[in-house]
Each structure stands twice: as structure tokens, then as C-alpha cells.
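This report refers to the structure that appears directly beneath it.
So that you can tell them apart, the chains are marked A, B, C, D, E and F in the order they are listed, and the count of residues begins at 1 in each.
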Amino acid sequence: MSIWEYANPKRFMQTSSWVLPWVTGLAAMALVTGLTWGFFLTPDDYRQGSTVKIIYIHVPAAMMAINCWAMMLVTSLVWLIRRHHVSVLAAKAAAPIGMTMTLIALFTGAIWGQPMWGTWWAWDPRLTSFLILFLFYLGYIALWEAVEDPDTAADLTSVLCLVGSVFALLSRYAVLFWNQGLHQGASLSLDREEHVADVFAYPLWLTIAGFVLFFVALVLFRTRTEIRARRLRALEARERMA
Amino acid sequence: MLKVRDLGVSRGGISILDGINLMLAPGAALVLTGPNGIGKTTLLRTIAGLQPAAVGTVELPPEGLAYAGHTDGLKATLTVAENLTFWARVFGQDRIAPALDAMDIAALADRPAQNLSAGQKRRLGLARLLVTRRRLWLLDEPTVSLDTASVRLFAGAVRSHLAAGGAALMASHIDLGLGDAATTLDLAPYRAKLPVPGQGGGFDEAFE
Amino acid sequence: MVELGKYAGTVLGAYGVSIALLLGLIGMSFRSSARIRRQLEAQEKRMGRHG
Amino acid sequence: MLALLLRDLRLATRAGGGFGLSLAFFLIVTVLVPLGVGPEGGTLALIAPGVLWVGALLACLLSLDRIFALDREDGSLDLLATAPLPLEGLVTVKALAHWLTTGLPLTLVAPVLAVLLNLPPAGYGPLTLSLLIGTPALSFIGAFGAALTVGLKRGGLLLSLLVLPLYIPTLIFGAETARRGAEGLASETPLLLLAGITLGAVAILPFAAAAAIRVNLR
Amino acid sequence: MLALLLRDLRLATRAGGGFGLSLAFFLIVTVLVPLGVGPEGGTLALIAPGVLWVGALLACLLSLDRIFALDREDGSLDLLATAPLPLEGLVTVKALAHWLTTGLPLTLVAPVLAVLLNLPPAGYGPLTLSLLIGTPALSFIGAFGAALTVGLKRGGLLLSLLVLPLYIPTLIFGAETARRGAEGLASETPLLLLAGITLGAVAILPFAAAAAIRVNLR
Amino acid sequence: MLKVRDLGVSRGGISILDGINLMLAPGAALVLTGPNGIGKTTLLRTIAGLQPAAVGTVELPPEGLAYAGHTDGLKATLTVAENLTFWARVFGQDRIAPALDAMDIAALADRPAQNLSAGQKRRLGLARLLVTRRRLWLLDEPTVSLDTASVRLFAGAVRSHLAAGGAALMASHIDLGLGDAATTLDLAPYRAKLPVPGQGGGFDEAFE
């Protein structure tokens, strides 16, 4: 059986209806243990004090913000090439999640920045590219909202996602170039990955897994809603014609 | 010249006309009628290639066609002659004087399009057809706002187009004054039935 | 309760904002899901199972 | 094609056609900024290259919706789509016309406005060069955005929202070139990157824009 | 009148209606300026009040052409002019709807964006207050400009050109209030002057705008 | 109800119609005809007060009138019912159901106006007239794009409006199906002569 079978809406609804509870349960377990472990059972960092606990939200959210866009890119391509509606609806369902993740990374980063760098916001390359990512999400969602006809909207947003991805990469590079050697504050804390001690790393991996599962569960859930909305639309139209 | 086979057209994912078969030989004209909202405009746009067909095929003359819709595509700040010259150039032509004369707007040639009355604008829109030199015309309610004299001018233009081996497919609610030169097709019988599964239209037929 | 020290506000603020955003997202998803489901059921009832 | 280019240029220069207005907008932004920020010459000189680039970008942006929306409203776009012109060519010509009536004039007046913002004279050359090389990218990216939103009633602001993130790399490299130039540093690297973006945009975006128009017409 | 206000608000919040988009534009301008000017926090803090005011002003400006042009295009304006509503009331309601969908939201998000520009926290209050008091003037002046240009095909940029000079006093006093506030100085005087401008605009401009519409309709 | 005395109208500073005298009593309908560009639209707009008269006077009923031009004043993103309710409110009315029924668009009530066909839009535009409850109607080519059934609906609506003591002044090129209920006035004889010095129109008659 080919993977494309799942692009059939009926098939998707059936499969997702029994996958969904499992993914949700796993996500909840991973998140609860990971966050509890991280929040209650890890020591404070000698330099950052208790603020290090923010890492268990900040890093997974930042990762998911990027991965979500990557997933939207793939599903948009699938729509453009193979015209599977479920695929593009999944992209539509994912966008608000990605935007929320971006916001979480931005907010936790900003809150963390206040004690660490003495400012809520600095035009550090990583921060800046996240802000730009946020704009991409905003534009993508606004375009979905603005176009009335669903297939037209699907095509347009998919093209936007493609072109946007190229420009998002370009922006990332441009921002690195722009702020090279101007800002020192960031290097202090952001490049510590190698130094993240095991005590912090285990719960971190667990929360990352939890965020991934949470993302999958919510995308499935929201895609189901989108599919139902499309069926509702089709039925209403049919009623009008009859 | 135009061959339409088993065509089905849709708006907003809902199929509205179905099973349309048309043939236009050189010299033939066909007028589409039918109540408001039956899908005349949608059908013409589909044949013109402005929207994809839900099912079926459309065969066009190799050199393309000339389409005229509800709006005339005029630039308000350009004069009549400038508007027309532009369209002539786009279609690789250059003489506009015969078209101006045929539609009796030579006297208005230097007037900006925004200063024309509704009917004068429409006549300019029809003159545009004449400069395209395409053999197949697709016209959507061409005589809206025209007075009786202009309707006659228009009928004359269509007749000579047909005589020169052209063909025309038109949608209209009112008599175009073409008499026997045109046959009429009522679209009402082609209204789409409730969609049968797997026949295009809605997204996987809303998964039945 | 863990000892958060002088950064209690920061840490709790970060967790609070994140959890609020996540709950907001989940809430929105459930609301729209329930709305669409209700409308769809009403529509299906009105038209018979397959319209 | 040539006929289309000429028509667009002629329309732009007719009354109410928008030529000169984006210039005026550029001028006004450059005037407003000192009014808002305060008149200290030092601060102004510091921010001048950035403000001029942002101003040029906004002036471009505001005229984007003219590229296709007017033709869509009066039906010309339908007619052009059924005319014997490839849609990709149409997009290219329209973006070119937009650049000739917006980007190019902006480039030419930028040195004059730079005086108002106390830009050091050494910066005039790099500023003009960066605008000359960068503004075509603005027009082509903008044409893509305009094609995406052409079907929508007054998509103007949505258009801005979609296009601005796409403008960011151009802005960064452009302003960086101008800034380094004004400070007397070497500015070849950002200039080359800017040229790369422009070439890429000119080569690829007409295809994406034509696809978007096809979708929007149906 | 109330029906008209409700309709305008509903139109603005419908898909493609423009609500939220001027907000987004405001956000984007605030993002672009650091990208153009460079990332140093000190410079940014210095220019923040001015940039925010200029940004809010431009965001207002871009949505002005929605006030009347859409109604003109689809013929509603002709019909409203023959309806039993005084034209002055019409203008007031439309300007009010514009403020509710543009100026007010801009005011509310301004403090958040101020963070991005490193505005000192002491400045948040005066900035918000100055925007709250100043933006109604922007909407009413804008409605007057929109009335002047309503007859013209895509008067968008001409509109900007006409309106911007009229915006200058509002901008100067508004930005001055915010700037003094950020520096911890007393800011009552410019704030009072700003309030004066707003009151004057609200009281007088609807009449001028109604007269302009009457002329433009014929 | 409507009294027009010695009216002259002009476009762009050039007077185009002259010496028009009209009287409409309650229950009367008048159809203006004439070739394209004679000035029907201009005359109706002048009477509606949308542009000033060059010379002459217009007397209107005290409660005002309802005007419907070439465009329908519909908001694309609002539904049919929302559009109509808005206009009803503006004219101080609240019931829209009778108007929807009269124009046979009750089935479309929840459809956004942008998804209507040309004729359906026009019908909605005419329904707007019914909710204004004004006694004097000024209509510019009201039946453009309407199919024959809808033209009949329209004629019926006008007839009952007249029967209820209303009056209507219309411009049209095609038969409105009103039969004896309406008289027709050809505007051709009122085309303005070359301006006589000191008679309004151009800027002091271009300084003669």
C-alpha cells in the first residue's frame, strides 16, 4: 500500500482517529515528565541561576518553530505536485502552531534576556531571524484568510511558502552578515551547547520529544477540523444547488 | 474551428454546467442564452482558457481567440485611439482606422476613455475585437448599454466577420439582431446534476 | 517547592507566558473543532447522510 | 511586449498615474524622519543610509498594487491573459515598467535627499550604486507579491505584509553597502550579494508570479 | 448612522478588509528600521519615539484610501449621497470607523513595539498617551484628504502627498511628547497642543470633507 | 411629484441637453431613451442632485428619492442579506424579506455578493430600491443583464410601486416590459445647441 493512500480524506480521518489518542497520550507523558524533571529536579546553573530552567521550553519551542515551517514546505510541495488536498490542509493547520512556537521562543527569549543581557531585546542574529520567521507565518496565515476560494488559496499559499522559504534562508544569511562582530552579548549564552551538562540534557531531550509529539497531535487534530470544514462547505454548496 | 467535448464547468469548486458539446465551423455563430446565474459567463471563461475545465476538452484554433467579457479593459486616462492602438499591437496588428469606422467612434478618437458614455465605451470594447484579427470571438453580453443603431452596427460587424470565415460564440439575454446568421442554444438543460462520485468538482466529492 | 531565588519572576513569567500561549492555541483548536463538527452534523442531518 | 511597456510607461506619466508620486513620497518620508527624530546632525548622519533605504523601499511598496490590480479591475488582465503573450513575459514587462517609473527615479534623487539627512559626501556614491543595483529586486519581488494578491479586493496592505519579509535581505545588503560606504569602509561584499539577489529575483520570480496570476484569474 | 458605522467595522474585520493589516504594517516598519539603520541599542533608543510615530502615521496613511474609494468604486457613495444622511455625518462616521480599526489598535501595540526599539521603559506611558490623543487627528485629516482624491483613479499616492503635509504638526507635537517622556522631561505642553489639533480637526474637517465629496461626485 | 423646468445639463463644462421640462404625477412612469451619449445618465444624476444643473430647476418630493445607477453599490464581502439590511437601515426601514421575495433572491440571502452572477447582482440592486420606501425612483438602465423572467419581475415591481402612488423615471435602450404603464421620451430633440452667449455652460462662454 502506498503512502499516498493516506492522502484520501476518508482514509486519513479513519487512521488519524485511532492514532490521535496515542500520540496525544505520549505527548502528555513526555511533556509532563520532562518539564517536571527539568523544573523541580535539576540544580541551578552556577552562572545563570534558576533561569536555566527556561531552556526546557525555549529550545524545544525554537526547534519546532523551524521544523514546522519545514513541514509546511514539504506538504505544500506535495499539494503543488500531486494535488492532494489533505496535504495542503495539513500545512494550513500547522501554520498557527508554528506561529505560536515562534512567539513562545521569542517571549521566553525576551524574558530570559532581561536578567542575562540586561535588555528585553537585542538585534542579535538569531533573535532577528526569528522575528522574520514570525512575519512569514503571519503573511502565510493572512493569505489563507484573505482568499475566498479554497483551492485558489491552497495554490497561492503554497507558492508563497516555496518562495518564502528561499527568502527565509537568504534572510538568515543576511542577518548573520549584518550583525557580524557588532554584538557580543549573545555569544555568552547562546553557544553553550557543548557545555550543557547531562543533568540539563536528559530532561531537555525529553521535552523536545514531548514538543514534537505535541506538534504531531495538534496538527492531526487541526487537520481533521479543516477536512470537516471542507466537507461542510461542499455539502452547503450541494444543498444550495439542489 | 471550436470543438467542445463533454465539457463541465465549475465555480468555487461547485460544478454548474455539465455535458456540453459544441462545434463551431468557420462562418457559424452561436448565441448562448439561459436564466441569470446558469453559467454563461463561466462557460465562456472556461473556453477562453481563463479557468480550467472540471471535465471535458476544448479545442481552439491554433492562433488563439479574442475574448470580451463584462468589462471592456479600457484605460480611463488613455484616449480612444491610444487604447485601441495598444490592443492592436498586442495582437500584432497596426491599423485601427477601419475598426473605429466600423463602430462609428472615429469622431471620438482623441477623447479620453473616461469621458465616454456607457454605450460609447462598449462600442470601443467591440472595436477592440476587430483589431485582434482573431477568427474565433467569444463575447459576453456584447450589446449591454448599446442603443438600437449601435446594435445594428454590431450585428453588421459580426456578419462580416462570419462572412470572412470567422466564428463567434456569444452570451446574451437580448436579441442581438443577427437573425438567421446565428443559432441559439439554451443552457438550461445542461445545469449540472447533483455530482456523481468521482466526477471532478468538489474535493474528493466531499468523501462519500 | 523548588527554590528559584532572585530569578523567580523571570522563570515563572517565562513558563506562564508559554503555557498561556499553548493553552490559547489548544483552546482555539478545540473551539473551532467543536463549531465545525456541530455545523457539519446539523448539515448532515438536514440533508440526510449523504446529501 | 514593447507595446505593453510603452503603454505602462504612458499610463504612469499621465495625470494620476503615479509617476512622481512615489518620488514625492520618498521625499516626504525623508522630511518626516528628522521631524520625528529631532534635528541633531550627528544622529541623522548615523541613520541616513538606513532611513534612505527604508524610505525607498516603502515608496516602492506603496506603488506595487498598481502593477496588476488596475488591469484586473478594468478587465485588461483577462484580455491580456487571452492575448498572444506569454504570462511570464507580461510579468517581466510590468515589473520592468514599475522599476523604470519608481526604482530608477528614486535612485536618481537619493543623493539630493541624502544632503537633507547630513550623509557624509563619501557616502553618495555607494548609496546611489546600492540603490541602482538593489531596486530592480524590489520591483520583481513586488510584482510577485502583487500577482499573489491580485484577486483580492484592495489587497494593498496584505500585499505589504507579504512582500516586506521578502524585502529584508535586499534591505540589509543595500543599507549595509551604503552604510559602509558612508563610513569609508570597503563595501564590495554586500554589493556583490545584493547583485546576486537581484539577478536571482529577475531570473526566477516571473515564473512564480505568472503561476500566481493564472491561479488568481480562474 | 449607526448602521453605517457597524457596516464599516464589519467590512474591515471581514477577510481582506484591512483590519490588522495596518497593525502588521506598523510592526514591519519597526522591524525594518533597525535592519536598515544597524543594530546598536543606543542609536535605536534615541530614534525610537520618532520612528514609532512616523510608523504609526504611515500605517494610518496607507489605509486612508479605503475610507471613500471603495464606496466610490462600487457606486455606494452615489447612493449614500442621495440617501437621507447628512454628508457631514457620513464623513464623521467613516473617520471614526477608520480610527477604531487603525489608530486605536496601533496605540495599543505601540508599547510592545517600543521594546523592539529599546525605548527606555519610562517612555512607554507618554508614547501611548500621545498616540491615543494624536491618532484621531490622523484619521480625520486623512478622511479629508481621501474626500479630496475620491474621484481619481488610484489616487493612493496623490492622497499621501496631500495628506502628509497636513500631518506634520500632529507628528511634531506627538513625537515631541513621546521623546520628552522617554527622556524623563515634562511633556504637558506638546500634549496639550496635540489635543488642540485633534479637537480642531474633529470639529472642522468633516465639513470640508463633505464639501469636497460633493464636488467630486459631479 | 417631480417637476423639472427648463433644465440644461452639462458634462465636463460642455452643455449636452437643454430645455427639458418634465412632470411626474404620482402613479406615472417615464422612460428616457435616446442614442448612446445623448446624456441620459447625466440627466438622471442631475435630477438626483449628484451634479448641479447648468440652468433650470428641479423640484423633488420632500422626503427625497431613490437612485440606482450603472453600478449597484454592493459590498463584495457582505452577504446579500447584510447588504440589503444596511441600505434598509440607512433609509430608516427594517424589513428586507418582502424585497428579497419580490426580486426572487431569498434563496441567495446568505451568499456573499461577490459570488453572484451579473444578473443576480442586478436583482439585488433592484431589491435595494424596494427597501428604501421612497416614492420617486430614478433608474439608469435597470434591466441590464437581466433575463426575461427577471425583467418581468422588475416590471411587476415597478407596476405595484406605481399603483401604490409612486413614480419612476428610467433610462433604457431596451423595452422594460411596462406596456402602457409608462410613457416614453426620446431625448434626441433636446440635444444642446451650440452655446448662445451668456447662457451658462463654459467659463463665461469662453470670453465672448
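What we mean here is this: a contact is a pair of C-beta atoms (placed from the backbone, for glycine too) under 8 Å apart; a residue touches a chain by one contact, two chains touch by 3 or more.
A quick note: this is a predicted structure, and the numbers were derived from the prediction, not measured.
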Farthest chain (mean CA position) relative to chain A: F
Chain pair bearing the highest count of C-beta contacts: D-E
Centroid comparison with chain D (C-alpha atoms), farthest chain: F
Copies chain E and chain D - interface residue numbers shared by over half, same or different: same
Distance between the centres, which are taken as Cα means, of chain E and chain D, whole angstrom: 24
Chain C-chain F separation of Cα centroids, rounded to whole Å: 53
Separation of mean Cα positions, chain D and chain B [Å, integer]: 37
In chain A, residues with contacts to at least two other chains: 132, 135, 138, 142, 146-148, 178, 231, 235, 238, 240, 242
Residues of chain F whose C-beta touches two or more other chains: 70, 76-77, 114-115
Interface hub residues of chain C, defined as touching at least two other chains: 51
Of all residues in chain B, those that touch chain D in their complex: 45, 48-52, 63-78, 82, 85-87, 89-92, 128, 132
Partner chain D, residues of chain E touching it in the complex: 16, 18, 21-22, 24-25, 28-29, 32-33, 35-38, 43, 46-47, 49-51, 53-54, 57-58, 62-63, 65-66, 70, 73, 152-158, 160-161, 164-165, 168, 171-172, 175, 179
For the chain D and chain A complex, residues of the former touching the latter: 144, 148-149, 151-152, 155, 158, 161-162, 164-166, 168-169, 172-173, 176, 189-190, 193, 197, 205, 208, 211-212, 215-216, 218
Chain E residues touching chain A - in the complex, by the definition given at the top: 15-16, 20-21, 24, 27-28, 31, 34-35, 38-41, 44, 115-116, 118
Sites on chain F touched by chain B in the complex: 11-12, 33-37, 39, 41, 70, 115-120, 122-123, 141, 144-150, 173-174
